[in-house]
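Presented sequentially are two complexes of chain A, the first with chain B as partner and the second with chain C.
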Partner chain A sequence: MTLPGLFRAALFFAALTALPFVLTAHWIVNLGVFTLIYAGLASAWNLVGGLAGYPSLGHAAFFGAGAYAEAIYFQHRDVGADGLTPFFVLPLVGAAVAVLGLAVGWIAMRTRSDVFAIVTITLLFVAQTLAFNLNSITGGSQGIGMPGAPFDVDSYERPFYLVLVIILAFAMGATWAAMRSGVGLSLRAVAADEQRARGIGVHVTGVKLLAFAVSVGIAGMIGAVWAYYVSFVYPQFAIDPLITIGMVLMAYLGGRGTLWGPVLGALILVPAQQYLAYQYGATQLYLIAYAAVFLLIMLLMPRGILPSLSHLLRRRAARASEPADQTPADAVPTAEEMVR
Partner chain B sequence: MTALLEVDHLTKRFGGVTAVDDCSFTADGGAITGLIGPNGSGKTTVFNLVTGYLRADSGRIAFAGHAFTRPDPAALYRRGLSRTFQQARIFPELCALDNLIVAAGHPWRSLFAPRRGKADTARARALLDEFGLAAHGEHPAGSLSYGQRKLLEFASVLMSEPKLVLLDEPTAGVTPSLVATMERHIRRRHAAGIGFLIVEHDMNLVMRLCDPVIVLDRGARIAAGPPDAVRADPAVLDAYLGD
Partner chain C sequence: MHTVIQALILGVLTGGVYALMASGQTLIFGVMKVVNLAQGALVIAGAYLSYSLFTSLGLDPFVSILVTTPVLFGAGAGLQWLFLRPLREQDRAELSLLVTFAVALGIEGVLSVTYKTTYHTIQTGYADSSFTAGGYQISAVRLYAFVLSVAMLGLLYLLLERTRFGRAIRATVQNPESARLLGVNAHAVAAVGFGLGAATAAAAGAVYGLLYSFNSGSHYDLISRLLSIVVLGGLGSIGGSIVGALAMGVIASLVAALGPPIWSDFSFFVVLLAVLLIRPRGLFGASLRGAL
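So, the complex of A and B:
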């Protein structure tokens, strides 16, 4: 990472960490928790949907798997006097969900693009149906309750918030590490032309399964934190198509395949969604407003905010430096520029 | 001494059409072998069968002493057989330099090292230099001209230090000056010890560059030999000029 890049990341995470200590109002920290949930999910989704070009619509199934794993484990167990035990098992939950993802990905990733999207959204509904019907494990539509967290009422959300900051840092760290290594390069080759990539010795199956497993593992950990936070897990909320759609929209909005794009998308969309729901919730108009915001940005910046902006800046710079503009119109920013 | 690439009785049918019909030939590691034939004679299909992009109905190939009944592009690439495509398949969003580095064909564990390793980067830059693309190293490959893409694709398959390179119409659709450039690059690499198998429509180029020349018609081999002999072969004349 370049020095400015490192500085930017340090500043961002310092500000994120400081926020719940400065602004302590419950509604702000609560909004922060949900923004971080989606920032982490969008960032994780980006590993598969952005870098590898596999538009998974099934990530909510793994979010749900993590949520159920956490809830089932702690259903009859103590969360510890300090309430932190559910956080300590997160790496375990993540690893378990990643292994599950490896098996699912091994089958699902034999399909590509739109077929892959359909296969994965089918998976989501299969998982939801299972959650509704495996009564003895999931409690069916009755849901599963988790013991409440014994945190101080004044700063109840803060521990969840901070754990989610760590998970987001992990997701972005994984993305950054992928981008600077041969893994990211291989994934980009897979996204562009998988058949040719295989033909020139790229470890196609290996890298895409790795990306999928890490991606859904992170989604599972976030699901587990969510389960503990809301402390009651129902099938329709834990395995919700809206969660999938949310993370995909945010990654598209900010810029697929970039390090900061999905996070930026979440920072814009989650508060916007909450605000619109609050203002126009009664009339359902908020859903239309939400869609309108999205359409507008897609219309003006079809590749997402960050790639479009960086393209614009590069063209301006190119025009300033050389009078004969040699930058072709279809130039796209490289991975290198996005990491910087 | 067996040839580097041996193609043995390959047959491929698409529905009722026999695209490749019991086709056998060899390509030597020290030669520039030409594969010609009228349009639709099955040249590209042969390429796809040999490199494993298509599965043959029957027949087998052997490369570098290894028999393959089901050739796999990745396995062949690791053993030193690489190919280019008629339509210059490059990765448009990757910069030219990364297009080369991604083709280096490294084992698994090196994937976790920085993607621009010193050795790889130096080799890739040298190749870009050799192919006159040094100025475009950091530009997205999608911004290159068609001819430059063909050069880039050619350069990228050299990253793995192959023994045999299959070029599918290396000069189709490029300017005359680039035809000469392409020829120069092929000759230089041939002199450095790489074998070539080339599908090409530019007969002048084939006749001065390739020896031997293999002629296909309707999926079957109808002639093979030095260019002058092939040119005089009545069966070849008939295939190109006959009914």
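So, the complex of A and C:
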């Protein structure tokens, strides 16, 4: 990361951490918690869906796995006098979900692109069916209750918020490390042409499984925090297709394969989504509104905000540096564009 | 033994209905290389249409498909024209997944607003009647549903194999570039292909409404089954999707008859995972991929 980049990241996380101490209204911090949940999920998804080019639609299953792991563990246990024990077990939950992800990824990643998307979305529905039917473990549609957190009522949301900031930093740190290292290079090679990458000696299976495991592990940790936050886990909310779609959509909106894109997408979409749910939630109209927003983004900005912006800036820079009588290189249509 | 054969009969009858839904899905994939995640939502939309026609006009679901199939054909062609045509070629495969998912959510939203989220069933006079043949019980509704599905699949086959338009579709499936060069209007074929897929969903939906109780959220359950079926059969092969559908029906009903019923739905997914482990392309993916 360049020095300005490091400075930008430090500033961003400082502001993020300061926010719940400055703006203490419950609805703001609550909105912050959900924004961070999705920013973390979208960043995690980006490791697999953006960098490796494997469009997973099953990440909500791992979010749910983390939520259930946390809820089942603390169902009959104490959360400690300070209520922080559920946060301390997060690395364990993440590791367990990552191991589960290795097993699932080993099978699912034998397929590619659209078939992979299908297999993972099927997995999501299988996981939901399991959560409904394994009554003895998950409580079925009755759900599982977790003990409430003994936090101060005035700043109840703040501990959850801060833990989620740490998880987001971890997710973005992992993305940054991956993009800078050979792993990221290998992932991009897998995304571009997996056969050829394998041919020139990239450890294709290794890197994509690593990315998948880390990605779903983060999703599992976020699910665990969510379970503690809402303190009741039901199958239809813990393993919800809308969660998958949320993280994918945010990564697409901001720009998949970029470090900041998924976070930007979450910052824009989560408040919009919460507003729609608040305004129209009772009438199910929010589903229609959500679908409409979704379609507009896909049709108007298929590449995402950050890639579109940087493309625009590059063109502008190229135009400014070229003498006026010469055509900038970018303006010449490629053969591909002319055919179209 | 009696239980096994009874379960086999039930499985084949159920599988036939799923074969109809899955063939529409496969047709859409074959023509446009688009995995239509809205297929389940279209089936449920078809079920609601038939339900409305039955409760308001007293139209039997098997008659109302004469109305619902053209309606959903138009809706499907319109969806393709509005939302899928504008996608650029190079990212169509990925974006279409998201776009069709958004369409599914939109359909679910419209249905929830119109019909609320309580469960509905189409309760006809013959809903509980059944035949007995050689000591085996066959429910009338399931038999009619199976016959309708086979008839619709036959019509689809004739349309694809015996008409000029069918030839254009098959040409597009095999090689879109050459088909375009030979004067096939790719946009029209894609729109009509999507329309046909949606029309099969309308027919299947009428039957689905007779067999099961449904609400606007039922499409999640349906789409997971349909996707497993087409992956099992190998994407793009109509024959494969029929075999996959029958396999699912039979496996689920055998497990339900012999083991704990909770695992009947799940058993099929286990088979799917096993197939993917051995043969990631699905049963017919290798030889028939891209061929109808």
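In the analysis below, the second predicted complex is superposed on the first by the 299 of 340 C-alpha atoms of A that agree within 3 Å, B and C clash if a C-alpha of one lies under 4 Å from a C-alpha of the other, contacts with A are read in each partner's own complex, and residues count from 1 in each chain.
The definition used in the following text is that contacts are C-beta pairs under 8 Å (C-beta built on N, C-alpha and C of every residue); 3 or more make two chains touch, one makes a residue touch a chain.
Everything numeric here is computed off the predicted structure, so don't read it as measured data.
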{"item": "First (chain B), second (chain C), both or neither touched by A:Val207", "value": "first"}
{"item": "Partner chain(s) touched by A:Val183 [first = chain B, second = chain C, both, neither]", "value": "first"}
{"item": "Chain B versus chain C, judged by how many residues of chain A each one touches", "value": "C"}
{"item": "Touching partner for A:Arg196 - first (chain B), second (chain C), both, neither", "value": "first"}
{"item": "Touching partner for A:Val126 - first (chain B), second (chain C), both, neither", "value": "second"}
{"item": "Set intersection of chain A contacts, chain C complex versus chain B complex", "value": "none"}
{"item": "Residue numbers on chain A that touch chain C, as the complex places them", "value": "55, 57, 107-108, 110-111, 113-115, 117-119, 121-122, 124-126, 128-130, 133, 241-242, 245, 248-249, 252, 283-292, 294-295, 298-299, 302, 340"}
{"item": "Touching residues (chain side chain B, partner chain A) in the complex", "value": "51-53, 73-74, 77-78, 82-83, 85, 89, 91-95, 98, 101-106, 108, 110-115, 138-140, 142-143, 156-157, 160"}
{"item": "Touching residues (chain side chain A, partner chain B) in the complex", "value": "180-186, 188-189, 191-193, 195-204, 206-207, 327-328, 330-336"}
{"item": "Chain C - residues contacting chain A, complex", "value": "33, 35, 37, 83, 86-89, 91, 93-95, 97-99, 101-103, 105-106, 108-110, 112-113, 117, 216, 220-221, 223-224, 227-228, 230-231, 235, 262, 265-266, 269, 272-273, 276-277, 280"}
